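Got a structure for you, written out below as structure tokens; questions coming shortly.
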Amino acid sequence: MKFQAIQGEGWLLTKAEQLINWGRSRSPWPFPYGTACCGIELMCALASGYDMARFGAERVAFTPRQCDVLIEAGTITKKMVPVLKRIYAQMAEPKWVIAVGACACSGGVFRTYSTQQGIGSVIPVDIYIPGCPPRPEGILYALLKLIDKIEADHPLYKQRPKLIEALEAYK
Amino acid sequence: MVRRPVVKKEYTLGERVYLVEIGKGLGLTWKHFVYNVKASFRKGPHTVPTCWQYPEDRREIAPIFRGAHMLQLNEKGQELCVGCGMCARACPAKCITVKRGKPAEGEEDKYAGKTMCASFEIDMLRCIFCGNCEKACPKNAIVLGQDYELAEYDPNLCIYDKKRLLANFHRAKAEGRLKPPRKPVPVDAPAPKKKTPSKATMTKKKGESGDSEKA
Amino acid sequence: MSLKDRVADILGKDLVALNEFRGDLCIEVPKGRIVQVLAKLKEEGGFDFLSDLFGVDNLDLYAKAAKKKKKSQEESEDTGETKGKESVQPRFEVIYLLLSLSTNERLQVMVRVPEDDLELPTVTGLWKAANWPEREVFDMFGIRFKGHPNLRRLLMWDEFQDHPLRKDYPLEGKGEERHLNYDIA
Amino acid sequence: MAKQLETICITTGPVEVGDYVTLNIGPIHPAMHGTLRVITKTDGETIVSAKPEIGYLHRGVEKLGENLTYSQFLPITDRLNYCSAICNNVAYEMAVEKLLGLQVPPKAQLIRMIMMELARIADHQVCVGILGVDLGALTPFFYLIIQREEIYEIFEWHHGARLTNSMGAIGGVEADLPERFHEKWPKLRDTIRKANDETDKLLTHNRIWMDRTIGVNAFCADDALNWGFTGPMLRACGVKRDLRKEEPYLMYDEVNFEIPTGKHGDVFDRYMVRMLEMEESVKIIDQAYALYKELPEDAPLMKKVPKIIKPPEGQIYHAIESPNGELGFFIKSDGSDKPYRIKIRPPCYMVYQAFEDLVKGEMISDLIACLSSLNVIAGELDR
């Protein structure tokens, strides 16, 4: 009975979750990790003309510690993989990853000895954007989709694996 | 040690005082600000200084823009693709797989050619949108449309099958965004000679084997 | 005097072969005397700018030629004699692209490097520009340059074993991964 | 001190700390353009040595070229210098045409010239903008980006892509200049000039800008030649050398333009050379457009090339003046439909290898200014 209030119908927790989600989705601070061509289009998307800041991606920080969304734009080579892993590890939870462009998604045309075939095998990716490079609109669309995903998240459940375990047992 | 030319910093008075130039710069940014405010009140089509309010105000895309692929039908509603696989061979990223098939009994009039593609898959994550498939297609069946909103949560959804490519076409047709047929490129038969030949093609030796003298 | 004659004049005996294709002159010089030849070209020929330096692996080319030869041999049913002559051909080439700033002429100087003696003298003393290209040739083909100030891998990471631009290295690699020797995260 | 600095910049390898402070910058430092890494040894704030490490964007383009056909490799060249992809396309196309012994029709040459110069302007704008951003002047970057969108629009309407253009084909170009170009060019010319003027007003005579750029990383001309510099970097040192003039390709010998040069090869001179070159590019486009208008509307755009290109055996090297300098393609053909060996001579590769000499004895903050002014594009540097 104790868990009844938390288990979905709980008004307070749902509202708290909504509040958290609202806050998170309105300020996805990006870490623009542009390594190659897609970085230039990402620059366009961030700069005037498209202005990603309209969706709350206002503060572009170049340190992973203060970012929520890792926008991986460009090729990741095998030499770079440890660096990418490190950046991802340095980001604080909650964190999301957008893979921009063919190279980041799957290696693209560079099916070669030195290119990592997609960053999905290295770090978890939330959104894949095909294109080589995608238009700035394509990047903005992905950001909007990411915001949708953040809004549908359950931050309080996710943070407490033990609680979920208990709930599962309760059922 | 590295040699460095000595550079004398010679400033004019205005530069030395330095507030003059700062003032000029600030004036310029204010001019932009006023211009932008004015432009935002202007009616009519989008003007440059303000930004494109993307989801609502979409930018005009060139009709030849290379976006998501689609498989075209002809005016009679027949599939143009014959499954020859030329696009797959021309693709530098090797992201297209085509299987050739014969149309089933009684369905021949659904296809323009005698054969058809049994399956047609494009891995959009690999695709680099270079347009080589479009150039290679002898039937003008596969074209790159104008869709650019391709982001997906799941990478498996980015592998477009035949159904989805045809759906792309139907959607584009409904919205009137079909790609105009490519104009034939005027190819020259007898070359009109340039007045001064560029150095790159100064010597014309055809059919001369490169290593003949080395052996 | 055309460039061809001039180069032949300057080099004299050092000129092994000369080849012109579409206006590009390529000369072959002996491996041992490459630095002297380049110095001579720089001083006397006026080729004072090194625009690039790179290697070529001729493995496939020889295989193709051998195949062709074999085919023609089979056709003419002429057996024996010329067997094993292809293996004598040095496998690698290193090409120096020279440019004369005053006359705007370009010259390709080629030197052949056999597989069992992968060593060349460095030309960083003549042109500093040869620094990274030589490192790249070492990285990609495994040709060592004697006297190079810092002959390490340039493009691939240090622990990488193979030489990727060799023809017998597969395009998609052999599954190498880079691991740092300290723990990240 | 060492510890503190290390936390600011993300290190990716073990750093050795000797008498000097070893400071690792990159590869994800904001001033390192994504993929560059410099390991410096500093004495206080003065740089004692700076070792650049490259290869973080080595994608195996040359090896890939050996496994693709001649026309398949064309889209890959876009990904070399992605700020001015058209110059790479044209350089590669011209190299293959030289191998085939082709000559492109004049109209195609003019279209190539116009597009290349537009790409050059876009490239220089990015370079100047980023140089400003790295030195703390954000405003010009935004003004230039607004203007650059217009150029991208023309690219999009001509060959269907904004950045990775894959313009033309071997043997010519595939489309005539779009309607939009005819409408837009007079206006675009003014906006380009206006944007440049504004950048000029904001930066050139600004005391802060001058203090941070004049005399920084000054470089001797003979050193520059010894290191293999080309392009704006060499011209900033005072050497008047431009492949468009020295080895005219396309129709550059029929247009008049100046070669702007600097004096000392410092950051300010490089910036000025780039700014003046944009102006010259506008002039070139104007003249080329006038020449273009003289040609009949149905003039040929393509030379007839077989569908599968099989050049004769041989090896050629062809170079053009890309925005960064001499961009050359060496192609060795063995008579098959795939190139036997492709070697790309990227301009910033030669410039970047002199980085240690460029920054030795300067301050750390000047290192950032130096790196931005070199306009090192990692895609072309590492290939």
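Here the chain labels run A, B, C and D in written order, and each chain numbers its own residues starting at 1.
Basically, a contact is a pair of C-beta atoms (placed from the backbone, for glycine too) under 8 Å apart; a residue touches a chain by one contact, two chains touch by 3 or more.
In this text the structure is predicted, and so the values were computed from the model without any measurement.
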Interface with more contacting C-beta pairs, comparing B-D to A-D: B-D
Per-chain Cα centre nearest the global Cα centre, belonging to chain: D
Relative to chain A, chain with the most remote C-alpha centre: C
Distance between the centres, which are taken as Cα means, of chain C and chain B, whole angstrom: 38
Intercentroid distance (Cα basis), chain D paired with chain B, Å: 21
Geometric centre distance via CA averages, chain D-chain A, whole Å: 32
Separation of chain C from chain D, taking each centre as the mean of its C-alpha atoms, in whole Å: 27
Contacts with 2+ other chains: residues of chain C: 21-22, 155-157, 164, 169, 171, 180
Junction residues of chain A - those touching two or more other chains: 48-49, 79, 82, 86, 90, 109, 111-114, 132, 135
Multi-partner residues of chain D (at least 2 other chains): 12, 55, 58, 60, 63-64, 75-76, 98, 101, 146, 149, 164, 223, 247, 314-315
Residue numbers on chain C that touch chain D, as the complex places them: 21-22, 24, 26, 48-52, 54, 56-57, 60-61, 64, 95, 97, 101, 104, 106, 108, 127-129, 131-132, 153-157, 164-165, 169, 171, 180-182
Complex contact set, residues of chain D against chain C: 12-14, 54-55, 58, 60, 62-64, 66-67, 98-99, 101, 223, 225-228, 230, 241, 246-247, 314-317, 319, 326, 328, 330, 332, 334, 340-341, 343, 345, 349-350, 353-354, 382
Residue ranges of chain A in contact with chain C within the complex: 78-79, 81-82, 85-86, 89-90, 111-114
Residues of chain A touching chain B in the complex: 48-51, 54, 102, 105-109, 111, 118, 120, 125-132, 134-135, 137-138, 140-142, 144-145, 149
Footprint of chain D on chain A - complex, ascending: 33-37, 39-41, 43-44, 47-49, 62, 64, 74-75, 77, 79-80, 82-83, 86-87, 90, 103, 109-115, 132-133, 135
